[in-house]
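We just call them A, B, C and D in the order they show up, numbering each chain from 1.
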Amino acid sequence: EEPKPDLVSGAGDTVLKFNVGGTSFRLRISSIFARSGEEKLSTFAQMSHEQRILQCDAYLMPQEEYYFERSSILFDSIFKYYVSGQLHRPLDVCPQEFSCELSYWKINDCVMSNCCWRGYNMSASLEELVAPKEKKIELHDRSLRSRIHQFCEGDGSLFSTLFTFGSISFVLISVIGLVLGSIHELQVPIRKTGGKAERILDNITLLNGTDVIWEPHPVFSYVETTCIIWFTVEFIVRLTVTPSRVQFLTGIMNIVDMIAIIPFYLEVGLALFGIDVASLSDIKGALLVVRVLRVLRVVRILKLGRYSSGMRTFALTLKSSARQLGMMGMVLSTGVVFFSTLLYFVEKDEKDTPFTSIPAAFWWAIVTMTTVGYGDYVPVTVPGKLIASGAIISGVLVLALPITIIVDNFMKVSGNIDTQE
Amino acid sequence: EEPKPDLVSGAGDTVLKFNVGGTSFRLRISSIFARSGEEKLSTFAQMSHEQRILQCDAYLMPQEEYYFERSSILFDSIFKYYVSGQLHRPLDVCPQEFSCELSYWKINDCVMSNCCWRGYNMSASLEELVAPKEKKIELHDRSLRSRIHQFCEGDGSLFSTLFTFGSISFVLISVIGLVLGSIHELQVPIRKTGGKAERILDNITLLNGTDVIWEPHPVFSYVETTCIIWFTVEFIVRLTVTPSRVQFLTGIMNIVDMIAIIPFYLEVGLALFGIDVASLSDIKGALLVVRVLRVLRVVRILKLGRYSSGMRTFALTLKSSARQLGMMGMVLSTGVVFFSTLLYFVEKDEKDTPFTSIPAAFWWAIVTMTTVGYGDYVPVTVPGKLIASGAIISGVLVLALPITIIVDNFMKVSGNIDTQE
Amino acid sequence: EEPKPDLVSGAGDTVLKFNVGGTSFRLRISSIFARSGEEKLSTFAQMSHEQRILQCDAYLMPQEEYYFERSSILFDSIFKYYVSGQLHRPLDVCPQEFSCELSYWKINDCVMSNCCWRGYNMSASLEELVAPKEKKIELHDRSLRSRIHQFCEGDGSLFSTLFTFGSISFVLISVIGLVLGSIHELQVPIRKTGGKAERILDNITLLNGTDVIWEPHPVFSYVETTCIIWFTVEFIVRLTVTPSRVQFLTGIMNIVDMIAIIPFYLEVGLALFGIDVASLSDIKGALLVVRVLRVLRVVRILKLGRYSSGMRTFALTLKSSARQLGMMGMVLSTGVVFFSTLLYFVEKDEKDTPFTSIPAAFWWAIVTMTTVGYGDYVPVTVPGKLIASGAIISGVLVLALPITIIVDNFMKVSGNIDTQE
Amino acid sequence: EEPKPDLVSGAGDTVLKFNVGGTSFRLRISSIFARSGEEKLSTFAQMSHEQRILQCDAYLMPQEEYYFERSSILFDSIFKYYVSGQLHRPLDVCPQEFSCELSYWKINDCVMSNCCWRGYNMSASLEELVAPKEKKIELHDRSLRSRIHQFCEGDGSLFSTLFTFGSISFVLISVIGLVLGSIHELQVPIRKTGGKAERILDNITLLNGTDVIWEPHPVFSYVETTCIIWFTVEFIVRLTVTPSRVQFLTGIMNIVDMIAIIPFYLEVGLALFGIDVASLSDIKGALLVVRVLRVLRVVRILKLGRYSSGMRTFALTLKSSARQLGMMGMVLSTGVVFFSTLLYFVEKDEKDTPFTSIPAAFWWAIVTMTTVGYGDYVPVTVPGKLIASGAIISGVLVLALPITIIVDNFMKVSGNIDTQE
């Protein structure tokens, strides 16, 4: 039979009597129908008494209440939503738990109020971000290709661990070689005559030589070559066994791998066409190419990111804080241009001033607003010092503000990554 | 009939029996009357039983309870208020939600205790701050004026978006012109003879010239003029179609717009009266005017604030943190004066000391207390170094303290702006 | 009659049936007696049924429950205390509210668990700190003395406001005088011959004079004298009308007032004994006295603290964070000594090194660990740079850690002061 | 008799009716069995009605509910766990309290969801960290050895307090001696001829001497020797009376004690073999040994850590934040290598550049990324300045991120240590 309303109210509303997790709730059916028609309670209210009994978890006889086996404290938020039309989030409940509750009651989380939406939404989007995107090959796929793939990604076997260890070692050796090669004591003098570079071995030539440049000792290039060969082999193997080649080539870590090996092959390629890169340095334009090639070598240190959870956390934080970083960048740039221009106009006529142009003053503004303060560019006039004081205070504020939100994201990403491992 | 009190208490109080959202509450009528007479429960208690039934959402027969369809968890705070006379805020409930609840029960939020008031009040005032103040013209007003107004403010149409894009471009072009014009390679030499400035084209004159000054290449002034014309047209159009002219002219962004165009017309105006601004530079007092006019050009970069949510967030944060900024400014100024004076007296007799006066030491104090530390002004005596150490520690503390509150405001403003978009 | 236990439990415990704010609680009497005997429930449990009815707020007949008109949510913590013996604080309830609840149930807050005690206790001690300590004279005391006292402290009348305004003005004028008097352009040359100082008016004497010193223009000493007279009068009036002279003379603000006026009278006193302070500068030891007297003048800027809520907040924060500041000071000092000594030993044999002794290196360590980095003392050896890197990282950590707790205190002090006004 | 299910549900589940702290809960037995079989409720559900009555705290007759005397609010989380299979933590409840509740219901805390686990787990591990590890000797052990042990550790008696005070004094005296001995005014000239060092007393020798070095005044070595004797005696006494010698020698504070005294005995030992350490300075390799011996003296300042709660808090924070510090170190090192290499390649060809090698640029990168900015190494080219700007921003971000987590740990460690004392 139909449950009798035991309520004598102004309007002739029929009232649904619930029991959620042991606590009684009463809700006017008109309130339920005022919300979206696709929600669980809306569907429930439209049913007959017999259908309802099948839908709910139980029917409590003496109190004539429909029983739902859910938490009464969480349902209170849902109840308030039906009563007032506003969905707020209880701040002491884990966002994920609340999300589950909403989906049980088939309530779309878009109806949540603005004031509570942000924390809830951020938490959800971080969850997605940290979750691994790449679909793993099923473990039952025992083809050679998939076995090599798992070997490369680290399948826990001894050889796979050794392989990972080897990769890390080669990256470190290669970076250490790059660093040591820049020390003068470990360099050898090279004389360049025409397109030919030769090592100077007698000290007399060295002393009166004008075309002498210093290059890293040849042993470093052997080390370099060995590392590059390993990197190349590793890259080709990974590329061969990857389940999806397109996804592979657009992966940030694989692009880093490519940039780490390409400069070497470019130099080799040029050498094959009879052009020695070192000798190119004479030509103005080529010098830049050479430098860029050399500088790109340092990218290989980023290969460590594949193996370090610290760097992964850091990268994910930056990714999830893109909005705040953009905001900070925007406001910081505006501040830099604003204060640089002001300072340039008040300082430009001073004797021996370093503020010779607005772009020159940019450097001062960045160094000042971040409170680094090298002291190479310092205002000397009174108005200049007033402007600089403004720039310092602005810088402190601009940098402090978004960092808190970024730090917040970092703590969540960090917590998520911690628990996943 | 009148509900019978089923309570045997010391005093002969009559007791109201409520049911709020399924939970029973009992409240002595004397407790209710001890609070303000205009609250919902106070009015309710004064009614007869029949009136009460009409006022409440339902009357639960067997338990003889008046039913209110509100959350029982939120009502608990209200209940505690009637019992103890103190209104505290549950910290896990969204302030806006609690505000709704208070207004339902017609309780003035001023009765809230001090300890809970701050967070609640700040949240409310931020809400107001972020809400757009300017009343929009109704969308049905299809007059030409209101359509142009909506076009300027961005009505989502293609042409309106192009217009916004154009405005941003002109600002950027104008700022880039200003920046590039300051680079020596892009400047041309000008000779000034009497009130006449002419460009030097032959190198001989340039070498032995003493009255030569360098000005941006003429092309920059063409760019400048074009931009100013656009800015002027845009400003006039906006001014014409605005619903309220007074509100328009006091708007911060519109004042920025005006400051961005006025210097140009001042120079033009002076030129019409036969006075070339560049030549004015000879006269001491006029030099200042020229400089200020030049410097004011940079204000146009602030025009970007109209289009950047990052800068709007930043501005609103500063506005809502005016109190904390004032406090920080006050304490920082006192610290600057205090430590500068101390340092001046202990350092002033050193040879070649830069601390030649107390105002000169101000610069040192600001640079030191903000931990920028340029190194141009450094104490050399032992007492000077002790004072400097005190200044550094004070600076770190003074800056750290209010920034946290400001950051707090920023996160709330940022969250509100995020959800509004 | 005695309420019958309707519980069939293992032990033969009698059970108390409560109703707190509408929610039923059941508690074994043995659990109640296991806690302190002076608590409300303990006393209550020892009573007879008739006494209990008089003690509780009501007796609910059908359920046979003693009714207490308190919040059921807050009582839950009390309930858990009786059940488990551990008192924890609900984190979403205002500490002051929980404190009220504890005192209602006559539970000593010392029984609270360590994990919850800190936040609770800090909140309470801050409350005390911010509360004004000085007992006000009753408003009905209309004697002349108490009326002047209220006038000085600001009684809201026009003249009292003018008096406050005057005090602030004199402080500012006096400080501005001190600052301006240090600028060379506003100074006059003085020649000292024997014990006599006279102003040099002709330029010839000035040029070939060797004993010439520059002093602030005489007008500043007139301003100074006027301000000191006001300060003296104000101090004497305050001292005369204060209700408690001992409390007055130990008040920090009044000590500041005294230090601000004493140097002037010392100089005057010495002058009466025929000693001109300016001429004393010749004698080595006296020079220090003169300097200290001059430097003490700056203390008068702290007089502003009486009128600025920003500075009061700041002072109270430091006071309430004494423990953390001490900790920071201790660790920072240890770090400074540690890294200075290390650096001294590795850098001392370098040519032209500024690290000539360990105390000299102290300055470097302070400047480095606070990330000011003037650049006047910089390590040049490789081990020195490694030590410096350690010092920088340590400094960043040491300063960051306690500041968070201090900032926390600041936000609470700030909130309390805000709501009091 | 067996309690009758009063629920008419779709499936034929039997339902358990609980009353936890006055609130009714109903749970399908199938839900209970879906979780681990070792939990309290699982065991409870498998029992007969009679066994259950003995196991629960009471059996409520009219409602036919098993009564558990626990908080209903805390049980709500447990209830949700049985219903949904996910265990979330209520954020407004003290982690320790929730941990007690879980152990009462015999639920393994590993089943907690990832999102809630981190805060809960960190709190628990901090608790362990702060708790004193060393087992105290029982107070009833009144042997001489244990009484001396307690005396050394501070048993509260007057002599024990004096002993502690004496230890602190000797550390301070020894450190002050080390510091003062480095000041040139407190040093005496020493001439070294062959293996013999003698003090120069006449000024003539001093002036034309080339082999003159300055050593601390002999009085400092007497002070030093006295301190070392105290340290040695103290160390030997502690070592003799310690309950566990292995634990003692691996304790960090005792290792510090050892390092503080060993250098002295090494010098003495070498002297016994006829080698004067000061004269060793002539030999290149020995110079390093001498320096290291001298530098190790500073370690004795760390002996203060035994007596300072500030330093203990700091050390524990670092220990509990090892993961975050490692992450910060890793990302910072990568950043330093990355930006140094980039900068080296773009700046190395500038005239008089300090960037002579990549390791030289490391120093710049550290000083820049920590915003110290000494200004001794500054990029001068435009690409160099762009790279430097990137390094500064990276540094600000890298340092800000993990410090927040470390600060969080600090506040918890600090709170725990506070309440323990």
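Basically, contacts are C-beta pairs under 8 Å (C-beta built on N, C-alpha and C of every residue); 3 or more make two chains touch, one makes a residue touch a chain.
No experiment lies behind these values; they were computed from the predicted model shown.
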Shared interface numbering between chain D and chain A [over half = same, under half = different]: different
Farthest chain relative to chain B (centres taken as mean CA coordinates): D
Chain B onto chain C, rotation angle from CA fit, given as a multiple of 5 degrees: 90
Centroid distance [mean C-alpha coordinates] between chain D and chain C, Å: 29
Touching two or more other chains - residues of chain C: 23, 73, 91-92, 359, 371-375
Category of the chain touch graph - line, ring, star, complete, other: complete
Chain A partner contacts - residues on chain B that touch it in the complex: 19, 21-23, 53-54, 56-62, 67, 69-74, 91-97, 100, 123, 127, 175, 178-179, 182-184, 291, 294-295, 297-298, 301-302, 304, 308-311, 313-314, 317-318, 359, 363, 366-367, 370-376, 399, 403, 406-407, 410-411, 414-416, 418-420
Residue numbers on chain D that touch chain A, as the complex places them: 6-10, 15, 23-28, 31, 73, 76, 79-80, 83-84, 86, 88-92, 113-119, 324, 326-328, 330-331, 334, 337-338, 341-342, 344-346, 348, 356-359, 368, 371-375, 378, 382, 385, 389, 392-393, 396-398, 400-402, 404-405, 408
Interface residues, chain C side, partner chain A - complex: 91-92, 371, 373-375
